[in-house]
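Labels A, B, C, D and E are assigned to the chains in the order they are written; within every chain, residues are numbered from 1.
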Amino acid sequence: MEIKRTIKYEADRVPGFGRDVMSVPGCEALEHCIQCGTCSGVCPLSIYMDYTPRQVMELVRSDFKNEVLQSHTIWLCASCYACTTECPRQIRITDIMYELKQRAIKEEVYPKRFPIPVLAEEFTKMVHDYGRISETWLVTKMYLRTNPMAALGMAGLGMNLMKTGRFSLKQDKIEHREELAKIMEAVDHENGKAKA
Amino acid sequence: MKYAYFPGCSLKGTGRAYEESLLPVMKHLGVELQELDDWNCCGATAYMAVDEGKACAAAARNLAIAEKSGLQQILAPCSACYLVLNKTQHYLHEYPAMRQTVSRALATVGLRCDGSSAVRHPLDVLINDIGLEAVKQKITRPLKGLKVAPYYGCQIVRPYATFDDQSNPTTMDRLLETLGATVIKWPLKTKCCGGSLTGTLPEAGLRLSYILLKEAIKRGADVIATVCPLCQFNLDAYHPKIAAKWEPVPIPTVYFSQLMGLAFGLPADQVVLNRGMVPMKPLAAAMA
Amino acid sequence: MTKEWTPRIVAFFCNWCTYTAADLAGVSRLKYASNVRVIRLMCSGRVDPQFVLEALAKGADGVLIGGCHPGDCHYVEGNYKMLRRFELLKRLLADMGIEERRVRLEWISAAEGEKVKTVINEMTEQIKKLGPLGMPQKFETWDKEIEHLAVEVQARDAAQGPCPTRAAQLKPMEAVHA
Amino acid sequence: MSAKKEELRIGFYVCHCGHNIAAMVDCAVVARYVETLPGVALSRDYKYMCSDPGQELIQQDIREHRLNRVVVASCSPLLHEHTFRGAVEAGGLNPFYFHMVNIREHDSWVHTDRGEATEKAKALARAAIQRVAHHKALEIKKVEIHPDVLVVGGGIAGIHAAMTLANAGKKVYLVEREPSIGGHMAKFDKTFPTLDCAACILTPKMSEVGSHPNITLWTYSEVTKVDGFVGNYTVQVKRKARYVNEDLCTGCQDCISHCVFKEPKFADDFNEGLGKRKPIFIPFPQATPQAVLIDPEVCLNFKRNKNPDGSPVVGDKCKKTCVEACGEKHAIDFTQKDTLQEVKVGSIIVCTGFKTYDAGRSPAYGYGNYKNVYTALEVERLVNASGPTGGEVILREGKNADGSPKTPKSIGIIHCVGSRDKKTNLWCSRVCCMYSMKLAHLLREHTGAEMYNFYIDMRTPGKGYEEFYNKLLEEGTHFIRGRVGEVTDWAMTPEEEGRLVIRVEDTLAGVVRRIPVDMVVLATGLEPQADAGEVRRLFNMSCGGDGWFLERHPKLAPVSTFTDGVFLAGCCQGPKDIPDTVAQAGAAAAEALVLIDKGYIEQEPNTAHILEDECSGCKSCIPLCPYTAILFDEGRKKAYINEALCKGCGTCVGSCPSASIVQNLFDDQEIFSEIEGVLAYD
Amino acid sequence: MPKPKVAFYWCASCGGCEETVVDLAEDILGVVEKVDIVLWPVAMDFKYKDVAAMPDKSIVATLLNGAIRTSEQEELAVLLRRKSQYLIAYGACAQLGGIPALANQFSREQILKFNYEDCPALVNEKKTRPQIHFEEAGRAPHLPEFRNVVRTLDQVVDVDFYIPGCPPTPKLTKAAFDALLGGKLPPKGSVLAPDIALCDECERKATKPTNVAFTEFKRPHQALADPTKCFLAQGMVCMGPATRSGCGAACTSGNMPCTGCFGPTSRVRDQGAKILSSLCANVEAKDEEGIRKTLAGIPDPVGTFYRYGLAKSILRRKVDLAMTGNGH
């Protein structure tokens, strides 16, 4: 039997983290959380999570930044918004999850070789480069970065897609890619992240 | 009636059956759709997870293009596009800081988005603009005897849509009843299909699709009708894997627009049942 | 002035709803900007447009009128009467060059302590953006062009005896009245 | 004008209110500042002005320093204006030579910068000093109080208030909308935490009301109009036609058994629709008055169309077996019409109660969709021995193995349905935790089922309440801390097949659970009555943002309203349990007794009057008065105000185009100087 | 015994007030008999220096009409104040600012630009504006300066009495002379007219019902007014209820609503605010939309309610107007 100490010291907290998250648009209502568990109760994926959504809410509010950003929970959120709709305190839990994902990516603390953040990154990159998504290429890239062997398991699916005429290797692009790039750059600039 | 049309990436890719069936149906109903000029990806759920500001700006570029076109209404059939474009509208209205960032970013390329256009879903347009009476008039082959499980998925009614009830939407039910189909009552019509998790985390994602398919069969449905390219993909494409993991749950999933095409008696190449991986036998039987 | 300028707002609150709501805000220890001075009236219907003008002329940068919600007036419909006056008063003020946002009519029920706070803070912010109205200073500036009159008169007075301007009194007058 | 004005000698007092004011306002600075203002003879700061020594100080100063005006800067005038006016009067000055400055609620309690708060106090004080110079000596008006009382609503609150007053020898009109008094309490089976039978404790009180010589009981009636003011209300009551003469009906119910409908066929409201009744019926066995009534919507003797006055058309199709059964009593009268009655009362007690939250508004819990989802009120009737099933808990849907109607083996009770939710009602309904436990106990007693209670927080703050919780824990009731996500009927496992599944996070265990049950009970919260808005207007009361009637002060005047002579009791003011309701009803009755026994009420002399010589007779003011207190003297061609009718709103004053109307205490001069005063800071 | 000296002077005015003096008709003879007119530029030839040479307070009363707009008017006001025992603001312009004070809605620059550049009826190719210094042929006369603000007389010098009206009535004028000569003057600062609103003497008063509720406002040119019925009862803005009486209800007798030239009663600080309060409170609509619709019938509240009283109103002048310095 392996035993593990689970005590939390004040030093484990990152004071201000909770307030900081709550200051982001869409995340304000978190301060009203009464820990009722409705979010977990309606979440279709809560059964796989290391912390239930309710626990994530409390960890955020109590400034346990590391626990939250390293949790699987935020990557398991499928953005179905069931929690947001049902929350009796109208906390936009889905949007808080988005915010936590962003922070985890920025701080590079998400679980390595975990396909979800990789997919998100590749997706974003593809939007930057081409303005549109080619699902085939996106999935291929994700598998190459996370688990190349699993890609082989997808071969059957690829065949079926081809049979039904839904498989395409063409990368769709928009005409004014430079326009989109400029907008993105401007957003960075606005947010004080101008390219060095 | 004329709308700006935002197809989104999926409707040009794996979800092409949605566009291929929706466009003829809308045309048949006298609705003119004008595809947005040089639209870009809405950002979907993935972009929001990386950078909210950029996600909004990317989506807002589409809104700005629509505003420039002079068309006040944007038709967004894909659930993710519909949600993201709507969410962007909300953010622009509710958060002045976001509005400022986005409008300054758009201004660098001479675009302007004042959030004046309305993002609409085809179900909303069919029920509220066109009306079921007009739909009824076009029916030549009522879907008598076809038992359909209406599946709305998550993102079209939650959290921004106002055209239907968030917990118990009924617009598609009413549409299907108008088409002559028997609508199956089931409690899963807004449950998650697994979304992108079917690809990234099959254990969790596929299980959700499996539950949906199994329950639809259990309740006696012949076919599942959906409004979202990702839902359709998840419920259609993974049958071999689901069968291997749990049990075979053979039931086809089609877009509501395909059922409309059938009922309108449109030619096969405008109903594109051939795009489905699960055999469409029940449909054929019902039609016979 | 060493301190940062803060707007002066005069508020006319009805006794039954808004004044009570402001009391509630106090009892609830809500915090709001300290630049509002509340004058209690029995009903928003008592608010004479002269009060609003007088407050502005005497140095208020904004005027807030608080009454019961429509249909809730303790005196049946006093608040409607204020609403009607307010509609035209706003236009009149606009024509006189006073920004619409300086004068505000709000329905705040006795239970809405929170709204007192929000409205006052919001209004304070809005008026901060508009800057001072400063009517007393304006009057002074306007009358600068006739300041010399007083000086001239004074100079002549020194030479020839007093000539009253507005402020001074004429002695023989009183004899006549008596 | 020319009369020599008495020299102004104002006394100013700034109160520390312990630390309440002094912590944020530098009282000494304020006092020193005011001392410099013209007309101020004396300026002091003092720890507690409202204390006896504080009041004594004012009186002494008036005498010793010949003060002729007094200003006190302390708390809200709504709280202590009366106190200080009393002190001023005791000092030998007219009480209206006084003005009060609110530097607590409007200053020290709401600001955070001591410098700014002190500046504000100075400005407000200066305004009062300038204002009080214009004050005039006024006389207090006395209004006589009519000794009769109207009690609106015949639930436990109304019953108790009416009984208290009647026992004190006062005449009471008790008006109830339903055909019987009793309210929600009459529907309950047992009451928590003592588990005494609701009917056993309520029925005796109901019949006492029915027979009390001092109580005029009007059931099936509604108040339609209220005119007048404290001491002198004229109330119009609509008495709906029951088609049975209450005075002649003995309650024998022969008519019911002889009705042409052999079996009860129509949904029975008292049993929450779980039972059936006939067109002629008595709401429930213990109903008071013991008189039947006829539902014209379903009675065969009425046609489905309406007369122009809205009353149903009497037909002649039915055999009228009821009339036959009634025999010589002749109690049944198909020609009865709604009537309007008018009564004069001096005070009114409003006890209009609550309604329960409509569970259909929370679709996730499946009420209306799944038959075996019940509301708590339905379960009260279901477990009641005189209920539709005779106290047997049988489900709406399903069969036992032996083919008999299904009895539940496991039951889930969901707390807080519609409560503590921003999308529905944010408040805690206060009684649901306790009644949910009561129902858990009763259901277990009746069925032996496994009981699950799903709660967010257990709230048991009452005498014997926590002990009751303990008892339930001992009984083996499962308490799961978690707000239920959904109630559904799709099965994941064999034991879930054919049952209702509750999906919930067990937040204390930290896991998500699926719990199959046979019956779900929704502990719906309490809401203001649907027509609370109209009722509020009728009695000129206020509502809080949540819709409950607003008390005059949450602590110190919990049963008074902002309208003198109108009092509140029971759940119409906010959710509460039976003991609190009864206590409040007693308090409201006592408040009414105070008015009646004193015989008169003193009225603020803030009325308006027209300056005779100055009025041009333009009539602009006349339509503005909501009390028609302004009249036109055709002889002198001028308007005049009947001060007995004037309530002092000042609307006519603010509107008089030639400023020829003056309001006591709120004269133009007084307000102009207040404006100048608050703005004259540097 | 020498006859008491009396002076008449005019500033920014139309001349109507002077007409009233003439309109005293035969009564003027009575007046002239009793007084010695020492200054009356409109009728008699006196020079500034004649007045300046008089000893202080040697004039018993000066009736000054017109608002004060120029430096010259200011100077005369000061001079006459000095020379007179009683300075009487004569007529609406001197008392309230009058019609000229409507110009307080515009800046000096706006006024000069319009009148010397933009006015369509103007020929002024060089866009020459009035000058205060001007040199030609070795002469450099000082000309009056056009001020930024129109003022009432009492905003410039101390005033003893006011005779209201546009123009004042001969009756009030004569009564004032009688009081003056008979030594029966009211307290200083009084308006020499009844302190009661116009309705008191308006014949239409009886026709006003006690339940007027306005659903629309009509302007005089938009409807044919019933010659006997109260204008307000006909939905026409009449300033009568907010205006001092004493004119004998001249306008309403002539089938025109009162426009307020007599100014407010003594208890009112702002005539416009008061009539606004009264009219609006009696609008029938309760919803903002309905209220707005009804009040749309008063398109220019400033021009309507302050037709004569803008300079004397609480705000005096449009508040955001620029002030320009001396020299045009």
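In the analysis below, contacts are C-beta pairs under 8 Å (C-beta built on N, C-alpha and C of every residue); 3 or more make two chains touch, one makes a residue touch a chain.
For clarity, every value in this text was computed on a predicted model and none was experimentally measured.
Colleague: What chains, if any, are shared contacts of chain D and chain E?
Modeller: Correct list: C.
Colleague: By the touch rule set out at the top, what is the minimum number of steps from chain B to chain C?
Modeller: Graph distance in the chain contact network comes out at 2.
Colleague: What's the fewest number of moves from chain A to chain C, given that each move must go to a chain touching the current one?
Modeller: Tracing touching chains, the least step count from chain A to chain C comes to 2.
Colleague: Most contacts: which chain pair?
Modeller: Result: the chain pair A-B has the most contacts.
Colleague: Using mean CA coordinates as chain centres, what's the chain A-chain D distance in Å?
Modeller: Using C-alpha averages as centres, the distance is 49 Å.
Colleague: How many angstrom between the C-alpha centroids of chain D and chain C?
Modeller: Those two chain centres are 37 Å apart.
Colleague: Taking the mean of the C-alpha atoms as each chain's centre, how many Å separate chain B from chain E?
Modeller: Inter-chain centre distance comes to 73 Å.
Colleague: For chain D, jot down the residues that touch at least 2 other chains.
Modeller: In chain D, 364, 624, 651, 654-655, 668, 672 touch at least two other chains.
Colleague: If a residue has to touch 2 or more other chains to count, which residues of chain B qualify?
Modeller: 167
Colleague: Can you list the residues of chain E that touch 2 or more other chains?
Modeller: Touching at least two other chains: 187, 268-269, 274, 277, 281.
Colleague: Let me make sure I understand the interfaces: which chain pairs count as touching?
Modeller: All chain pairs meeting the touch criterion are A-B, A-D, B-D, C-D, C-E, D-E.
Colleague: Given the complex with chain A, which residues does chain B contribute to the contact?
Modeller: Answer in residue numbers: 9-10, 12-17, 38-41, 43-54, 57-58, 61, 83, 91, 94-95, 97-98, 100-102, 104-109, 111, 154-155, 158-159, 166-167, 190-192, 194-197, 199-201, 203-205, 208, 237-238, 240, 274-277.
Colleague: Under the touch definition given earlier, write down the residues of chain D that touch chain B in their complex.
Modeller: 363-364, 488-490, 492
Colleague: Which stretch or stretches of chain E touch chain D in the complex?
Modeller: Against chain D, chain E makes touches at 187, 195-200, 205-206, 208-213, 232, 240-242, 245, 264-265, 267-269, 274-275, 277-278, 281-282.
Colleague: Spell out the residues on chain D that touch chain E in their complex, using ranges where they run on.
Modeller: 1-2, 613-620, 622-624, 632, 637, 651, 654-660, 668, 672
Colleague: In their shared complex, at which residues does chain B touch chain D?
Modeller: Against chain D, the touching part of chain B is residues 165, 167-168, 186-188, 211, 215, 218.
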